[in-house]
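Structure provided below as structure tokens; questions to follow.
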Amino acid sequence: MNTVIRSQLLRFSVGRGQQFRFSTAAANGNDLVIGTVDETLGIAMLTMNRPPANSLSLEMNEAICTSLKTMESNPKIQSVILSSSNPKIFSAGLDVSELVSPHPDRLPKFWNSLQQLYLDLYGSRLAVVAAIQGHAPAAGCFLAMACDYRIMSSGDIGGEGGGDMKKRFVPTIGLNETQLGIAAPPWMGQLLVRTIGFRQAELALAMGTLFPPDRALSIGLVDAIESEQHGAESTIIEGLSELLPSISKDQASNPLMQKAFKQATTFAKIPPHARVASKLVTRQSHIHDMIATRDEDTAHFCGFVTQEAVQKNLIAYVEAMKSKSKKK
Amino acid sequence: MNTVIRSQLLRFSVGRGQQFRFSTAAANGNDLVIGTVDETLGIAMLTMNRPPANSLSLEMNEAICTSLKTMESNPKIQSVILSSSNPKIFSAGLDVSELVSPHPDRLPKFWNSLQQLYLDLYGSRLAVVAAIQGHAPAAGCFLAMACDYRIMSSGDIGGEGGGDMKKRFVPTIGLNETQLGIAAPPWMGQLLVRTIGFRQAELALAMGTLFPPDRALSIGLVDAIESEQHGAESTIIEGLSELLPSISKDQASNPLMQKAFKQATTFAKIPPHARVASKLVTRQSHIHDMIATRDEDTAHFCGFVTQEAVQKNLIAYVEAMKSKSKKK
Amino acid sequence: MNTVIRSQLLRFSVGRGQQFRFSTAAANGNDLVIGTVDETLGIAMLTMNRPPANSLSLEMNEAICTSLKTMESNPKIQSVILSSSNPKIFSAGLDVSELVSPHPDRLPKFWNSLQQLYLDLYGSRLAVVAAIQGHAPAAGCFLAMACDYRIMSSGDIGGEGGGDMKKRFVPTIGLNETQLGIAAPPWMGQLLVRTIGFRQAELALAMGTLFPPDRALSIGLVDAIESEQHGAESTIIEGLSELLPSISKDQASNPLMQKAFKQATTFAKIPPHARVASKLVTRQSHIHDMIATRDEDTAHFCGFVTQEAVQKNLIAYVEAMKSKSKKK
């Protein structure tokens, strides 16, 4: 039986002596993120759960950071799977409502929470495995790039009996900001440069390219794609089943989640002190760059987004989304 | 009918209300570069036209910069195709006559004009598509790398009835300076690093490698190669036909030029403000580096090239070229 | 007949008027490295010869540096092949006995000798070709990365009549430090970043990956792999035969060594002044970085390795090696 502990931000549920569950409550009582940990294996799972699209609001950014910090504070945990409760969307990126007619006090706080998410995720002592089942545009792609390993689903290949009639679902990933008339902030663009190389990043930024899984793999934007259902070992299915939050229990049979679980287990077995030191070799200077230019970056972003022309574009975008949503 | 306006540097010809042509006159009355613009599509074409090999003299560098600035000053233009009137040579690189027994006043001016060409082309608000039909060695490769997209011809595959008897023309591209006994300046070498990655660049610089189209594509030195004649849409052929200068009208059927036209059209449709901002993310710091080290770079180059040993090599090279030219 | 000249550190043997041999004597009278030069071709060979595994002790580091400097001081020499007298091990990396219960005076000297090896090899005016026949883990991989070109053996494919019964020998290469519970120093990690790109390097450092030849080639950790015995031109076999030290004469028929010989010959034909200038374009700033942070790096390493926990791990590692060695 589980004991449930509630605090202002975190709910923990304890079971089997070696597994803990916690979630971060949103203002409306729903959980923005759900966290579970398995101390025996040394791995955790952080499930983003802000319907409909896991868009990144101030509160969502803070919820991810808080959950991550809680997991980091447990010395038995070495790696974490970052996933989404929505099988079609990993994260749609920034919550546009944070940007439209923003309150002058909240806007810099929001941007700071995004910077903090970068610092906390990119510099985490945990090895973070992104399980990208659905779309990851714009800041959704950024979230994935700030992890240590990215596995992407190759999408729904039609299903049984679906034939050509059934529309195939293919997730995409990329910094597509230019297509919306804005530009990714420099530190996000530079993260793309580090992930896929200068030339591919430059072209993808200019074009605002969203890559399907096979292209994302070939340019190195993801490390693996997972398509075929293959018989997983029962220990993997069992372990994964224990780790998955109750709203995602059906994902234990998902080969993407199984692969993410295996990768997280592999990371957890590497001597942690050495793994973290090796992470600092490549990431420390970039984390310092962000800290040094943080205020400047916030001022630049707030100045940019409050321009009349940018506001006009964003309002038009929100209207288009609403009208698209109504049609459905 | 066209109205022709002449200024000291630029000739404009206006036609169809939405298309302008201009060219930059050389001292001898020929046009060093020919520019055409299509305001409706938002694209322009800059055709290098300094026979026999589009080698970069002080005046040629200035002509390219002036034409580019004129195009940039037209707010309706968003992208430009950089091409050559010579189907076998994109550009042969620096004009060696600028380097042999140089006048002490002209030499630094020449080097400054090359630095300016880098700053203007690499930092242009326009998206520049290099249409590389022929060879692009040394500074010819640099020109292409300073653009935003590179399409290279796969060369003449023999032609009808040519069989094995006919010698195939295969263009090559690369910084082959070491093969001539000189070295590319650091900023040109670093541009190669950014384009094809550190390791490939280091090896290519040491060996002075000239890459054929397929190799250039596989290492990322060009973004696409074009070989097969494929039926282009008539709108592309018409639009391209309008844009091509009179000396290159036959190029409307060239698949390389058609692909460059399509890419330029794609670039022109991206919100310009966002596209330019994304370009600054990757290029701004390198442009600042050049500005900061410009005088030092000029002093270093002038000191290097006026060394007796280097002058001897260059004279020998010019003699070899002359003798090769006579044999033809 | 050969004239042998002995100095405190170097033995030279002169033959055929154009070929010199020298070796660096270890304290025990054995040669830590053996050097041969062919002035006619402009190439040299530096054979590491510290049984059983060419591990890098203070004296081994100094011997490699001294031999390299001697070769560099000969203006007729332009390139050098770095190889191992052990066909199964290129170099096993740092000599662990330097790290276990180290003498406080010797430890910083040892680390300085490794830094010097980096500076001398990475910044050598000679083009260095690594002939990697056997394993190159940890600092063995570093040694290879500090060269100008890497050729790796694809391993023993079983031999005649061996069939499936015979165990195949497959060499591996990589910075596997995390698997031993330590981390590669930042400058070594950054060298991996430059060699295989940021993303692949980050992942390989975290996982401590040792790559087999085909994987090493595909990510660019080596430039070529050599597998098949193919009829080499007799001039190559003869030239190689002359260059090989007496203990490795049988290697003249080794296709890996033949390919290394050809690459060294190619490098030797490039105008040296230009080749060295091109090397500085990519390497100079990194060499300056090492010089600027050298003392800090030494202090950091000595502080790290003398920690009780690290000493414990190292002692356990040495014990495991000894016990493994006894079983054989």
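Lettered A, B and C in written order, each chain numbered from 1.
In the analysis below, a residue touches a chain if its C-beta (ideal position, glycine included) is under 8 Å from a C-beta of that chain, and two chains touch if they have at least 3 such contacts.
Since the model is a prediction, treat every value here as computed from it, not as a measurement.
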Can you tell me, using the touch rule above, whether these chains form a line, ring, star, complete graph or other shape?
complete
Copies subunit C and subunit A - interface residue numbers shared by over half, same or different
different
What is the Cα-based rotation angle between copies subunit A and subunit B, on a 0 to 180° scale and rounded to a multiple of 5?
120
Using mean C-alpha positions as chain centres, tell me how far subunit A is from subunit C in Å, no decimals.
42
By the touch definition above, subunit A meets two or more other chains at residues 197
Subunit B - residues contacting subunit A, complex
127, 148-149, 194-197, 220, 223, 266-267, 270-271, 273-275, 277-279, 281-283
In the complex, the residues of subunit C that touch subunit A are 177-184, 186, 189-190, 193, 197-203, 205-208, 309
